[in-house]
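Chain naming follows the written order as A, B, C and D, and within any one chain the residues start at number 1.
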Amino acid sequence: MRGEVSVLIQSEYDIQFHLLQPTPMVAMLHVHPSVEPMLTTPDRLKVEHIGPVALGESAVELPVEEFLDTFGNRCSRFLAPAGAIRLSGRNIVRAADHPELQGFGAELDPVNKLPHEVLPFLLASRYCEVDRFVAIAHDLFGHMGTGWALAAYIRDWVHDHVAFNYKTARPTKTAMDVYTERIGVCRDYQHLAITLSRCMNIPARYVTGYIGDIRVPFGGAGDFSAWYQVWLGGKWWDMDARHNYPRYGRILMATGRDATDVAITTSFGRSDLTHFYVESNEIDADGKPVPLPQKLSLDPAPAPLS
Amino acid sequence: MRGEVSVLIQSEYDIQFHLLQPTPMVAMLHVHPSVEPMLTTPDRLKVEHIGPVALGESAVELPVEEFLDTFGNRCSRFLAPAGAIRLSGRNIVRAADHPELQGFGAELDPVNKLPHEVLPFLLASRYCEVDRFVAIAHDLFGHMGTGWALAAYIRDWVHDHVAFNYKTARPTKTAMDVYTERIGVCRDYQHLAITLSRCMNIPARYVTGYIGDIRVPFGGAGDFSAWYQVWLGGKWWDMDARHNYPRYGRILMATGRDATDVAITTSFGRSDLTHFYVESNEIDADGKPVPLPQKLSLDPAPAPLS
Amino acid sequence: MRGEVSVLIQSEYDIQFHLLQPTPMVAMLHVHPSVEPMLTTPDRLKVEHIGPVALGESAVELPVEEFLDTFGNRCSRFLAPAGAIRLSGRNIVRAADHPELQGFGAELDPVNKLPHEVLPFLLASRYCEVDRFVAIAHDLFGHMGTGWALAAYIRDWVHDHVAFNYKTARPTKTAMDVYTERIGVCRDYQHLAITLSRCMNIPARYVTGYIGDIRVPFGGAGDFSAWYQVWLGGKWWDMDARHNYPRYGRILMATGRDATDVAITTSFGRSDLTHFYVESNEIDADGKPVPLPQKLSLDPAPAPLS
Amino acid sequence: MRGEVSVLIQSEYDIQFHLLQPTPMVAMLHVHPSVEPMLTTPDRLKVEHIGPVALGESAVELPVEEFLDTFGNRCSRFLAPAGAIRLSGRNIVRAADHPELQGFGAELDPVNKLPHEVLPFLLASRYCEVDRFVAIAHDLFGHMGTGWALAAYIRDWVHDHVAFNYKTARPTKTAMDVYTERIGVCRDYQHLAITLSRCMNIPARYVTGYIGDIRVPFGGAGDFSAWYQVWLGGKWWDMDARHNYPRYGRILMATGRDATDVAITTSFGRSDLTHFYVESNEIDADGKPVPLPQKLSLDPAPAPLS
């Protein structure tokens, strides 16, 4: 990053649950350890018990234990008491002033050259039924080259064949469901693309992180995002079967085999989400939001009436 | 083991493939690192190219690279040339002279007391669709207590409701398929029991290893076996939904979320199995096999003919 | 019906589609032939092409062909031109002045006594995977008696274990999906109950029809409904796993193996629903709506402020 | 058939079950009503109770009731007592002396021109998940023409992408399972081909019948066969995704939506198959089997040793 022109990206979240009973929880709300060197602020997760309380009483902060999971993600765990719980945080990252790099020409590493720790990302996982897709993937992509070109073709095929629809999200939806229903949310696009990539011996892993509206027009209320990465030419490359064009300001939070491994929060017991706010935006040196470009209108300007 | 009476168990295998082209392979054919202190011999995996060769030529041993995967299993990888390949090995383990211990009374650890590395064994995986079984598990087991009693009840429920049948094995068979078809092989029993255990917040992991005919009558040609482990009262306990009674001489080879993580061999390309031999037997101090007990016959002795 | 006290129920609908191209359609919008003797008005389906048209032009009625399908349902087919299409109709039925009859004590007919035409309703169909549920049904209901008691127990079990949620509807959802997800709409409840009934050798068939808010408080905007019927003691009985209490004014439109057979409309090509209105209400002899009872409030009356 | 050269085909079967208790059964062992005019013998199904009996006692014939189901198939039902049951029969059909006709150039009938009774063969059924295959079918075949050419392309695609393997048969296997596993038996090939055809608006129905080794070399022990039919140009045409070349002597027994509708025998209770013999062969005017052609050998003749 040194010597590069950079941008500042501020991310913040406030997520609240109502719990009926004391509930163990695990959160993955930190930036990924690989992103920590780019932080310009601490990246603290605050977990508070905020009620039921009499008016005027203050929230009580809960002790949180941090650990790295076997994928290298920073995780937080705590035992939340019954009642209202708030998880909140804010961080600023100095990111590269360009969209994510494209690996044009990157070659497929033969399996025997892959680092040990990359091998599991060729295998099946809960939402990625590689074993059921082998023949299908070869039908679709067996003649489509190799390396980056193949990986990008798979990404674009998924993008073109699946329609986005928030209402169709469900926790049991697998790559096969996406392939047959052709409708889904972020994570569904990525699960299908990951599965098809693995079938073609391209290691692929699932990513959660921030993708704010940065240098693009306002796109709606913020949310955490899912994308994926493929291993080509000796490194991981960002891929996104939903937003399949280069974006500014992807900030990595966690990686795993699929959504199972990197849930933003996991509650071991019933929890009802009561509030959800996430934003990730470019700021200037004074901490003020950088204005977004206008959406280009394809409609002709309204003609004068007389 | 020191001071305990022990038995010697010798395991050996010879597995051969025919390959059409050079093929990267990963094998999990060593005993588990936790078993290494009990080895009385080296535990070497020999990988050889054995043909096609002119008669009289000797086999060529291939270089093998060893590594530990993220679950702590000892793995071997190599690039096998086209032709005939043999994987063989032999080891002797000094094992406890009693069947596996039972955890009667072991208590369920609350999720917030579980070690970090145990948490993933509560989640869904390829063959264990925890997310689809939560309601089913609570219907079946919600009133069946907790801790060891619950874990053993789940194991026995699976044992009693699934019939063994070699011909029904297939690589895509999940816990849900086992639950609906009620027929399967070793791994299918364990996948269903693991899934149901996780739904009840009992961490459960899949195991491969040896279970020879030791102190039991001859049961047929040898094979690698699958069983599972549950985490209760601060440790992992062996469980087996197929052979749900205590056995001598389980020798652990690898553990993982499910069969995906611990395949005995994984070939990245087509491989045809041409030979398969596995045995695990008790031997005496001279290395001779200890005779097996006779099978008790329920048939009356044949009556004299006159 | 003669000599019985009866009620008048008026049903009406107006359903509109936009079609990109000429599209063959089949509709099941008539009352069932078995209901025809109770009609006090004609039961005419009007199919009109209503645009795009210049303002002031009138709609053009389309020719419709009627036929009985193999289940005995009255079907309508027509070739709709591109543009806007309206299907509308209205009918009045003289119905019994009591909720549907309950078959307390009705006995299970042995399979060999069933009429030929009832046999197919023991078999699997698209949304009712009888073959995958046999063992599950016997686990759940194998000890729950027989005949009406068993049939009602199955209905109530489904009612109690599935939560209603409009947003979870999807055209590929089968009984197995309902059993694992425990959430669904009308048709999903009935598919699960039908499947479980068939597993216990109770013939069960899917029904579509009207269930208006009749003698019950207002329940929201109208819709067509799904319920099911079981064959016990020599006849079909209405069952409803969603509204599992006796209702006034169920008006049968079509029966089949499952939702596949009795879609209200089937378009062979893309069709976009643009308008949907259905109501079914009790009217008096003058044709005026009979007021509905108030919903009983469990909240105490607001206390006077002073 | 009059004036045409014809062949005589004799079919016979002997199927035996062991029953633990009195069991209602339905059999579809007659030739289809459309084939009856070509019979040169009666086509009688004999159902006998053959034991357990003391040696020398004769079998007892059971009363059988015949009926036509809604698809027009001739069905037989009876209540079999506990013990051993034999279903046997024999018939001779005068068949056309040519393989089944090919519909080269036959056109797709627009849906609005289809006879009413053909419409259900466009819909989904238990083993044919049309709703899950629509997008897949359009990916694969959307650019492959229409009518006979498209229908034959689908048949051949299935033939080329699925491998035959008796051991993989299972009663829950659907078209989607065949599509992902690419392995199956007769019925599995047809289910996938039927599903894909329906997705392309080609009506397709499942067929059971005889296909003996007639004018082809001996192919192994006899069995009933499955194939399918497509509706093109105003009539049903035989199609077979397993034996996708014209065959002599297909004899139709029953048609339905899929294998659910046309099981050779259905037992409402447990039945164990103990004997199974089916043969269908060409005979000459004297009733003697016509010899089969030799299989052409691709191996060179063994060279003389000296």
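Operating definition for what follows: a residue touches a chain if its C-beta (ideal position, glycine included) is under 8 Å from a C-beta of that chain, and two chains touch if they have at least 3 such contacts.
Fair warning: this is a prediction, and the values are worked out from it, not measured in the lab.
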Give me the chains shared as neighbours by subunit A and subunit D.
B, C
Would you kindly say which chain has the C-alpha centre located farthest from the C-alpha centre of subunit B?
C
Since subunit B and subunit C are copies that touch, just let me know if over half of their interface numbering is common to both, same, or not, different.
same
Go ahead and note the Å separation of the Cα centroids belonging to subunit A and subunit B.
36
Taking the mean of the CA coordinates per chain, how far is subunit B from subunit C in Å?
51
Using CA atom averages as chain centres, what separation in Å is found between subunit B and subunit D?
42
For subunit D, what residues touch not just one other chain but two or more?
132, 172, 180-181
Which residues of subunit B touch subunit D once you look at their complex with the stated criterion?
167-168, 170, 172, 180-181
Which of the residues in subunit B end up touching subunit A in this complex?
24, 26, 67, 69-71, 75, 77-79, 110-112, 116-117, 119-120, 122-126, 128-129, 131-132, 171-172, 201, 260-261, 268
Name, in rising order, each residue of subunit C that touches subunit B in their complex.
132-133, 135-136, 139-140, 161, 176, 179-182
